[in-house]
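Each of the next two complexes has subunit A plus one more chain, namely subunit B in the first and subunit C in the second.
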Partner chain A sequence: MPLLPLAGGAIIALVAATFAFPWLEFVLTLAIAKGLAALGVAILLRGGLISIGHAMFFAIGAYATAFAMRDFGITDVFALILISAVISLAAGLLIGVYVVRYRAIFFAMLNLAISMVLFSLLSKFYGVTGGTDGLRVGTPTVLGMVLEAKAVATFLFYASIAAMVLAGFAVNAYFKSPLGEALSAVHTNEIRLEYLGIPVRGVLLIAYGLSALLAGIGGTFAAMTIGHVLPDMAYWTDSGHLVLVAVLGGISGIGGPFVGAVFLELVHTLAAGVTDAWNMIVGTALLGVIFFMPKGLIGFIRPAKKGDAA
Partner chain B sequence: MISYRKILCSAVAAAALLVGPALAEEKPAALGVGVFSFTSGGTAAYGKPGRDAAELMIERINAKGGIGGVPLSATYVDEGQGTEGVIAEYRKLAGDAATQVMIAALSSGNCMALAPVSDQMKIPTVGWNCDTHQLYLKDAHPYFFRPNGNTVPEFVAYAAYLIAVKPDVKRIAIINPDYAFGHDAAKIFTSAIKAFKPDVEVVAELFPKLGAGTYQTEISRLTAARPDVIFSNLWGGDLENFVRQASPRGLFRSSQAVLALGESSMQNVQIPEGVIVGVLGDGWWMSPDAAANPETKEFADAYKAKYGKWPVFPAMKMANSFLYVQAAYEKAMAGNGGKWPTREEVAGAMKGSEVKTLTGTMQTRADNDGVVDQIIGVTAKADGHDGPVIGDMVRYKGADLMPPAGEDPIAWIGTLAADLPAKLPQPGSYK
Partner chain C sequence: MTVLLEAKNLHITFGAVKAANGVDLHIDEGEFLAIIGPNGSGKTTFLNLCTGYIRPSEGEVYLDGKPITRLPPRTIARKGIARAFQIPQLFLDQTVLTNLMLAIASREGLWQMGKALDRPAYRDEAMALLAMFNLADCAPTLASTLPEGRRKLVDIAIALALKPRLVLLDEPTSGVSALERFALMETLMGALRQAKVSALFVEHDMDVVERYADRVVVWEAGRVMAEGKPETVFKDARVIENVIGVA
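Up next is the complex of A and B:
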């Protein structure tokens, strides 16, 4: 697979960048966290479903981390990731049972609606969730070791890269499995799939649960990196952001959402550092990609093959 | 045309170049400051005066030779980009040795998120506007200073003032923005009113969302509830829209309004006379203390000349924060024999400091929270000033209204004596 060395090179470039500019460590950890969530959105896009509510699972992962730390005194980074993963997967399956009955605009809108309900709950239950000021997330410990905050930030950066690689391989294997192939087939012709005796809702539910799991893991990385969780994490613009990241990077491969996330975070950071009109620069960059790279950023390196989802 | 100021600046810079190296060799070429405020989105209506004041203060401090001979150089960060972006920018700036102090932030949410980062990166940070009482409630933040004070004294002060001018109040209504600041203020204000006068009834409690734009339904509800008093901590564009829509419907004639952040909007929208307003602290540039300080008058005139408006209280909070930073540097340098101080030494100098500002004093408590006086009054007109002013003023001592460090503030408000408003200075006593 000629793509593997390319991906390896990209990861080495990411690591090298943090040696040249130490402040990039935070930006990139966050970008990878969002990339994980965007990969979740990309899975659903392969099945032809657009979710404009996936930030809710990102927020569920983040708040699960904050609550586990505050209310149960769990500080180990691996335990926190595990707890958030389990909770977001459970939430994904629960919500999934309901929403996978719908397609197209109805699926998108239902996701949006449920995510906004979560957003309201997070902002209104002031005593439990800290309201719009959010909750603080302390510095986690690593396998029982109490490290300095700086060392933990570096650890989280490398851990997020490891999570990205693992997720990449796992999702790649999933796409190649019968379940993953069935997912693409849902997009092409759902009725034919039913006639073949494949339960479409089951296929979609697994995809939905998987995508929620990825978003939740992204959320827990974001919570630990930022050190603070806010209801805004579940707001619909953040969900839109995830779809944008996935489409921007390109959904034809695993790398796309990560490339899109890193690209968007970097453009944002650089633009906001230059001018108050940073929104304009970000917007122009997006228009550029959409007009001139219809396959997304990843289309640059990965020529389109027959059968790729557009 | 070359202005007098420019010549002065160049002269000072030249002098600094000539004299600088001889005095101390380790002084940097510039003192980097990170300044955080809202300059995009609806909240910029309140954030822009803060940013403007920062620019003017830097200009003024540099014209006088900077701090210890070193000119200030600011990097401005827009809080409108969201908390993640703000933290990223903060980390980037703090990682650069050229930045030695931060003035951040306007939003309470951002202050809560930045405080642990300031401790981690060991950079002294001054919270210039954020005022949530949650900030120091659970964790200590040795590098985060908030000399501008917190929500508890700010809103208890309104309750005390209201009881003093309207001792027979029975029915109150509240209309606050729907986020932590609005809910906190509602809780603090009602708890205080109930402590002073237990038979007061809350007849309506409305929380329109931030940036709602139209308030007609809320105004109808308020009119129907027939409250004696309407309390609000709406701010920025929201406050202006509310006043524009409520005035013609007679809301301010049928009820006594308390607009907690009224001063920040009274040059933009016609607030009727007799509305209780204040400045969430002592930052009223025309207060007797401020008027007695020639620096304040100079600053206000320069501000008016540069931006076309008088400095509202967010601008004064920002200006005072610069004086706070300046005082910390001077104290640190006096303490180490005139050498350029490290970040640690500057934070050490801020600890427990008491700084004379343009409008009063900022006193830093042991937990790094600030104690400032609270000025409250009513909107009025004055001869010889082109704009509304505040009349019937009172200046409460900050310490009288501040809960002790570490104590649950809401429970503390419940313990306030009913005769406290009678014991405090009376409305109109500050002139």
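Up next is the complex of A and C:
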């Protein structure tokens, strides 16, 4: 089945759903925000690296938005997205220089450790970060226009869809580029890459920076949608959640992390309304995917092709 | 003739084993140099030393008279030394075609934003290389599913895709059937001659060495025991006794 019309159909279905159930607008904006971060995690998974700390970039994007609003009086939604993107990218490159030297469990644990350091800083520097209470994020303006909160929420929903589409095209082009193919090659043979004259750490650093950028953009959308940022955004369970979303949706394509995020957010929202043990339902869904859909939920739509990462 | 690569007084020890014990060796532009010797005598270690994979405890390696001893493999590769491995080193989760195109793309650097790896120029060049080794039918195949003999050929094709000045081949005919051995060497050496690429190959097949090497170096216990034209070296009683009998 052609993928573009399918993706277009899925987006139309999302939009239509918000007309039928207006409360979905909030849920879906958050899902897309997490999908952006999960896409970042999926990029690293292509190179065989699992980060259990990527929520830190989600938090960095979110807090950058909050700080820009509180300390610099910047309220324009596009400016906030740009600032958060630049800061997340810079943070990604800075941390990446160090962590891309490591592989496997060491890479995963280092990311986790750094994210927990950030979590602690956000929690303890009360005067700057608001501590465990977090920071309030006001309603942003749109190109100088002050809109009602409801209108801004709707705008953010459509802006998140636009960000998802743009990120999808950009990451797809990246995967198909020599750099993206080199990233897949890191997974199987670093020695050969070096003997081709390709700097493996450079390839990984770019992937890491890109993944941090996506997570940061996700974070700024989450901050503006929720209207509040908390240190918990950087907590390691949230990082695990992003890995779960990526694996659940499937990492062989671009759509997987978004499918996983929407699925999980909906299951979470619906299950939480029925029982406190909503995690059990989510866990059962994940087990089902792992056992019966090795390519993730996206495997339903997009059959595996030769050369796909598992 | 101009000296292309030169090793001077290389030493390296692994535990009690002296894998290089004062190696002096050079290869000229356009020359085909063969290294023979018993297993464990340090032949592959020498290739590792020349390509920056390991560093000698003493001695230097020069390319065009400039030291390359402390450079990493990627920098040495960019200076024109390519390598094919004894155990083929491929990107197993990617197709054979992608393996080749990645090697071709690496010549221009990878920082080509917005351009796909799979483009007509790369594809045509990769297919021509694959056709040269009768591998065209393998292009869409995942590298992990290839039989060992074909992996070996793809590994060599990847080295050639870099358009090197010198190619280091570690047992190029191992894993290749006896029937295909000479056909492979004919193709390979023909391509190298045409592109004016020098070659240093480690080999156990004396018939291959005799037919294709301009000069042969005999290795034993991390040292060069003898060197010269194959027809001369192969008559050396020490070589017959210590190497050819066990090579």
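Things worth noting here:
Just so it is clear, the second predicted complex is superposed on the first by the 309 of 310 C-alpha atoms of A that agree within 3 Å, B and C clash if a C-alpha of one lies under 4 Å from a C-alpha of the other, contacts with A are read in each partner's own complex, and residues count from 1 in each chain.
Assume contacts are C-beta pairs under 8 Å (C-beta built on N, C-alpha and C of every residue); 3 or more make two chains touch, one makes a residue touch a chain.
Fair warning: this is a prediction, and the values are worked out from it, not measured in the lab.
With subunit A as the common reference for superposition, the partners subunit B and subunit C occupy compatible, non-clashing space. Of the two partner chains placed around the shared chain by superposition, subunit B is the only one that A:V27 touches, whereas subunit C remains out of contact.
In the superposed model, A:P5 lies in contact with neither subunit B nor subunit C.
When the two complexes are overlaid on their common chain A, residue A:D133 makes contact with subunit B while staying clear of subunit C. Contacts of A:G73 after superposition on the shared chain: neither subunit B nor subunit C is touched. When the two complexes are overlaid on their common chain A, residue A:S184 makes contact with subunit C while staying clear of subunit B. Superposed on chain A, the gap between subunit B and subunit C at their nearest CA atoms measures out to 37 angstrom in whole units. If you check the complex, the residues on subunit C that touch subunit A are 51, 53, 72-75, 77-78, 82-83, 89-95, 98, 101-103, 105-107, 110-118, 140-142, 158, 162. For subunit A in complex with subunit B, the residues that touch the partner chain are 22-23, 26-27, 30, 123, 126, 130-134, 136, 138-139, 149-150, 222, 226-228, 230, 232, 268-269, 272-273, 276-279.
Subunit A contributes residues 173, 176-182, 184-185, 187-189, 191-199, 203, 306-307, 309 to its touches with subunit C in the complex.
Interface of subunit B with subunit A (complex): residues 39-40, 76-78, 81-85, 87-89, 91-92, 95-96, 108-109, 112-113, 116-117, 120, 132, 134, 138-139, 178-180, 183.
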